[in-house]
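Pasting the structures in now, so scroll down.
In the two complexes that follow, chain A is the common piece, with chain B as its partner first and chain C second.
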Partner chain A sequence: MNALSPIAETSIRAPSLEAIGMTKIFGPLVALDDVSIKVEAGSFHALLGENGAGKSTLVKSIMGFYRADQGQILLDEEEVSIRTPRDARDLGIGMVYQHFTLVPCLTAAENLVISRADAPTVFDWRKEKNRLEEFMDRMPFKVHLNAQVSSLSAGEKQKLEILKLLYLDQRFMILDEPTSVLTPGEADEMLGLLGEMAAKKEITVLMISHKFREVKAFCDSFTVLRRGKFTGSGDAQAASVEEMSKMMIGDTQIRERAERTQHNRQEVVLDLAGLCAVDGEGLPAIDALNLKVRAGEIVGVAGVSGNGQSALVECLAGQRPLSDGEVQIHGKPFEPKRADFDKFKVFGLPEEPLKNATVPRMSVSENIAFRSFDKPPVASLGWWMRPGPMRERAKELIAAYRVKTTSPEAPIEDLSGGNVQRAVLARELSGDVDVLIVANPCFGLDFASVAEIRSQIMEQRNRGAAVLLVSEDLDEILELADRVAVMSGGTITYVSPIEDTDRNTIGQHMAGH
Partner chain B sequence: MAVDTAPTPAPVKLSGRPSVRTLKLAEAIFIPVFALVISALVFSVFLLFLGQSPIDFFSLIWIGGFGSSFSWQQSLQRAAPLILAGLAFAIPARIGLTMIGAEGALVLGGFGAAAIAIPLVTYAVPPLLTLPLMALTAMAVGGVWIGITGWLKHYRGVNETIASLLLSYIAIAIMNFFVEGLLRDPASANKPSTLPIGEAYRIGAMPGTSVHWGLAAGIVLAIVLHILMTRTTFGFAARMTGGNARASQAQGLPVGYLVVTCCVVAGACAGLAGFFEVAAIHGQANASLVAGYGFTGILISFLARHNALAVVPVAILFGAIAAAGGLIQRRMGMPDATVLVLQGIIFVVLLTSESLYGRIKFFQPGPVGERT
Partner chain C sequence: MNEGALVTVLIAMLGGAIRVSTPFMFVALGECLTEKSGRINLGLEGNLVLGAMVAYGVSYLSGNPWLGVLAAGSSGLILGAMHGYICKLPKVNDIAVGIAMMSFGTGIAFFFGKPYIQPTAPRLDSIPLGDWTGNSALAQALQVNPLFFVGIALALAMSWAFANTKWGLIVRMTGDSAASARAMGVSVDLVRFLATSAGGFLAGIGGAFLSLYYPGSWNEGLSSGQGLMAVALVIFARWDPIRCIWAALLFGAAGAIGPALQSVGITSGYYFFNAAPYILTLFIMIASARSKAAARDVPGELSITK
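Let's turn to the complex of A and B:
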């Protein structure tokens, strides 16, 4: 297929795609079990499901990364054979991944040209530029062609990814949670544009998502998977959020959310005063950051990924040194050392627990003992460890927090994401908590775990802990926080009680306005 | 306490399967042994190319290493420094470092012991005082030497593998500098050496054997370090740091202190090996200290899965291979380096076998309930 064929001159080019009876088995795991999905030409179709439901396996089978064990794929109602990603590309099926696949040190134009399958050995740049400009003129949204990709914002990069698919004439687009790196404004803009193009039958979009808000606002049809099986499909506008979420989670019992108890304004517990820290290249990662958290309140720190949130959490956890400023707890200086963690009862739920909060090869029981291994009853004389009390404690907590594991002695890396996070919760929240530092606690977890974890965070707040919640999920912040702080460019640019603000205002501050 | 509204699922039953711990242990024994067998097969092919009989070779290793009480003692004698060198790699490995500088710490430790012995022997300080002082000096010198590398790694981000290797050459050069100059015994004409400590100051053999006390020291140290790493808070914190330094930091552990301490302990082990080489074998410091024990220790530690206790039998095995080297040279007319070829093959096969962990179905516990 000629990648330079003029696009969108004849507008009705959107293909339809149907996958029938897709089955994919990995060893003992049936990742896809006889799943069928039909995406009409020119539709904006949402693929819903929890983590591990088989969404990725399905689209990877369509993209040719996996060979399905059974099933067939029809493109424009004709059976096609997709053995490799190259086949998918030649058929005009393209995918935008959760993380960018652009080359940061090249310009937008260079990224587009090198993505072509028939890219020549020697480029005639003048000719290429002219063609690209013609191409860009026909597009509903633009990216500056000579800009270096690393200088583009996340929203622009995502647009460029989509332009790349159009440039390669890939009219069937698979988007894998495309808005997770965007501000709400950017996300709405991009999905709106795609929706318009789909409505004009220029493209067909299949979007993996778990944000019902986006599905309701932009999609016209949906398919739901649960545990590798098809559980329903329909008209996204007609179906209610309740119906869709029921299809996603089935009969799983969702824990009741803990109610927010009202209490009077209490004293400041955690005080971050003028914090500064630098990143790996010596540039400021956080810059004169001030924030106070009171007892019994959750302060949610919102922001677009990469504005210093992870540096802030690392500073508080002792993983990154402060170059200036001071952290105070109850008016006393706090150092992120073990003695101070214990003295001030500071606990943490870092993001990606397998990476930040556990030692993957150590056992569940040992991982649960990280806070207590050097204190009685596990340690006697301060240095001699007794495995008995450690195992007993682990067994109790594994039961109380319903951590699913073959044995307390199994390495924690063998557990699923939700169970790893539950084991970390068991370790961090089973004691008396004064300060809780939480970062993206629900990233990549299933509904039941999300509900449980949020509920536990709320319980800690109700019990009087000062909670700092750093999250890239604005909905999570809107649900949990008493006050919202927006982080942009390494500092807090906006703070407001949750009742005095809304998604739009927060979004504008996230975008740096 | 967190009280949940949802019911607790029934515990996963694994009827008839051994515990996770047993399975892990079986896996950790099976895979290295399997790697040894494969290495032997590959080496056999190499021998066949040379027109030699693999059967002869391996039976000579058996005879030379374990065939008689004499060969046993030869093997154990050589195992003594290997145990200590193996520990010098194993301890930093547990905290996540690939520290290959035991050779340097051994040489410098041995040299330090020989150097401090010169004034002590000259003034006729009794051996019972001199020998412990020599041992302490050797351990301190070795500890500082590897400790420097650990410090550079943690506080300055210097790659510990490269740094420890290069520091080994510096250590050897330092010894040569003194042995060939300031501290040279004028009587050592052909092979520059320090002044011999003399028979009275030599460490003798353990009663009823011809094996020197270094073997006992190595075994005791292996047991002590095993307990340190498995049963103490220090060892637990070190294993946490080795498994995930970020998580260890987030628990407020003093990562720098743990890293440097493990390196100092490792260096002390290597230094002690140097002390025994001087006080029990050579009686002085010279180029003979540079015998490659430190590097064989790396291989031993890998084969022992960096487990301090397992280092002991593995070191004895390599002691036997080394002890049989002479016999092979004489009987088969093959050069000394043949044994090095075998060691090299074992190392490559062993590193390849690392990829087998978690892949052999038999050693895996049953499925973990349902994956969410």
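Let's turn to the complex of A and C:
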């Protein structure tokens, strides 16, 4: 393998790849059932499907992480045997994962050089740097070579991952939801550049996605999986979004979205005044943030991941101390402590609920009781806890919120993502809610769960709760929010009623312009 | 205290820094290598004590102290390899294994070391670097054992290798992100096994210095926890081999305060000053735990940071 071969000026080098009859069984679960996919040389192919549809299993079988139980893989129409990720690498098949595989403590240059199979035993850094700079000059996008990876933004890391594939001369690229960490502008730029390279037959791209907008804008063909089975493929430009989404979700009933009701309540409920907090290294994570949320209003906080949204939610949930500023609810100071959460009726649905809102190994019923275990009827005298009423209440809520669990006693970590989310919603929304703080509520959920959870949030708004919705999914904000605020560099840089703004304007503010 | 006494104390501290620091240096460099690969070996105290015993025994039996040094290193290598192998098994906690290995190493050292407490073994020679000064105290302070220079050379070599060699990058990668290392086809367990073994080898050599040079005899109270403090020292040095050397010198100098003050006639608080390195350990741990820079330098895979 020659990692330094010229990339740009060469002729047709993109490989085609075909997987035929792929089957993979994990114990009782058939993760892949006789799935075939054909990716033409130089195409930009989208692999669509809901969570758990088998997309990851399919690409991991192609990459050699799993051995498929049946099926064969043809690369440029010749059968190849891929037993390990190393075999895939040697064949020129590379993948960019959702979680990055760059080493945080190494620099960009070190990460690139060490990834080479023929990395020298002792590095001549001057020579390597010269070669890397030459390579970088030929690339459509650049990353600063001497920067430590831990200091790069998510977008830069994503670019560096793709550069790494090109550096290793891997011309069949599998991208796993590559744009989830990018601004709309960055995403369009990156996909556009990859699309151009594919059109010139320099690379072939297989992209896992569930954003129809991107598939329509950049892909030329697609394959859809549902519950481990192939459900359709075709020309991405010719097929309509309705056709594609029908293939993805089948006949599943999607709950009607709750309507937005009009009301004239104007009083400010949640008032964030000059909030400041620092990150683990003492640098500002949020910086003089001001935002007001009125009763019966959803304020959507948009922004590229890593601009302080997580820190903001952590501050409001009491997971991170404020270094300055004050949170007021109904004009009274609010401390993120249990007593104040009860007093002001503040509830929350943090991102990654399994990590941030539950104790994974405790049972579903215990997790549902976190708000009520120290109050009647579960507790008497403030300390005597009775498991009976707790289990009864949990059963009611499990039924009301349709949480799929084997029993109320099952550890909550055994539940699927959507059901964990529903269990937390059951706990947080079952009472009287004045303030609701929600972060990325639908991340990684299937269509049915997404519709249901968004409806629940909308219902709380209609009942008069002040809702702060922090989301990295701009579509979610455009759908739910009454007002949109953009967070960039740890502060709110733009606020507008939803009817006075559009995707482009918001995107520009997200990028910091 | 008059000026002459102050000079005496300072010279004694310099001598102490050079003499006492060497075992710290070797254990700390060994631990640094192990921790860079993403694993903590708290058992290096065991390697140190066993190394001291083995070095003394082999030197006594063979008459060649350098053979003793090599044997000490090998005994440390075996203990390190055991730690590395056990930690590879599923669901094993490296800290618990380290504590067990510490007891195991000191235990077998005491068991096999009984016959060597009385006899006198040939000791390592030192290089007189201070004779030209004409000052006997200074000349004595500058009697330097070659292992001291080996330690410094080793730190420089490690520091260079971490930045400039494939193996150095692979060790750092394994220590910072095991998932990335695996995705690159690196065997994380193998890298950690080798790093732990090599770290154990260095700690064993540190032990040889204790019994064959300073204090220069074998007894059961020889190490008095130096191996454990060296582990703390790595945190203080923020996983940088060169800083490990500076930290070891500082510890050595602190350890010499007590005897030095006694030699100029200050006897009150003798035990307190003898405890200086231990007190220093405490303060260093408190200070470094608060340090933001330490949080950035710590290898991401260490079980204490996860």
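What we mean here is this: the second predicted complex is superposed on the first by the 472 of 513 C-alpha atoms of A that agree within 3 Å, B and C clash if a C-alpha of one lies under 4 Å from a C-alpha of the other, contacts with A are read in each partner's own complex, and residues count from 1 in each chain.
Operating definition for what follows: a contact is a pair of C-beta atoms (placed from the backbone, for glycine too) under 8 Å apart; a residue touches a chain by one contact, two chains touch by 3 or more.
Since this is a predicted model, take the numbers as computed values, not measurements.
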item: Contacts of A:N419 with chain B and chain C, given as first, second, both or neither; value: first
item: Touched partner set for A:M362, first chain B, second chain C, both or neither; value: first
item: Partner chain(s) touched by A:I114 [first = chain B, second = chain C, both, neither]; value: second
item: Partner, of chain C and chain B, that touches more residues belonging to chain A; value: B
item: Partner chain(s) touched by A:G21 [first = chain B, second = chain C, both, neither]; value: neither
item: First (chain B), second (chain C), both or neither touched by A:G280; value: second
item: Which of chain B and chain C A:G52 touches, first, second, both or neither; value: first
item: Which of chain B and chain C A:A317 touches, first, second, both or neither; value: first
item: A:G185 touches, of chain B and chain C: first, second, both or neither?; value: neither
item: Partner chain in contact with A:A400 - chain B first, chain C second, else both or neither; value: first
item: Overlapping contact positions on chain A, where the chain C interface meets the chain B interface; value: none
item: Touch list for chain A against partner chain B, complex; value: 28-29, 50-52, 253, 255-256, 317-319, 336-341, 348, 350, 355-363, 366, 369-371, 373-374, 379, 382-385, 399-402, 404-407, 409-410, 414-419, 425-426, 429-430, 445-446, 448-449, 452, 456, 459
item: Touch list for chain C against partner chain A, complex; value: 164-167, 169-170, 172-173, 175-177, 179-181, 183-185, 292, 295-296, 299-300
item: Complex contact set, residues of chain B against chain A; value: 1-9, 12, 14, 19-21, 231-234, 236-237, 239-240, 243-244, 246-254, 365-372
item: Chain A - residues contacting chain C, complex; value: 84-86, 89, 97, 99-106, 110, 113-115, 119-123, 125, 150, 280-282
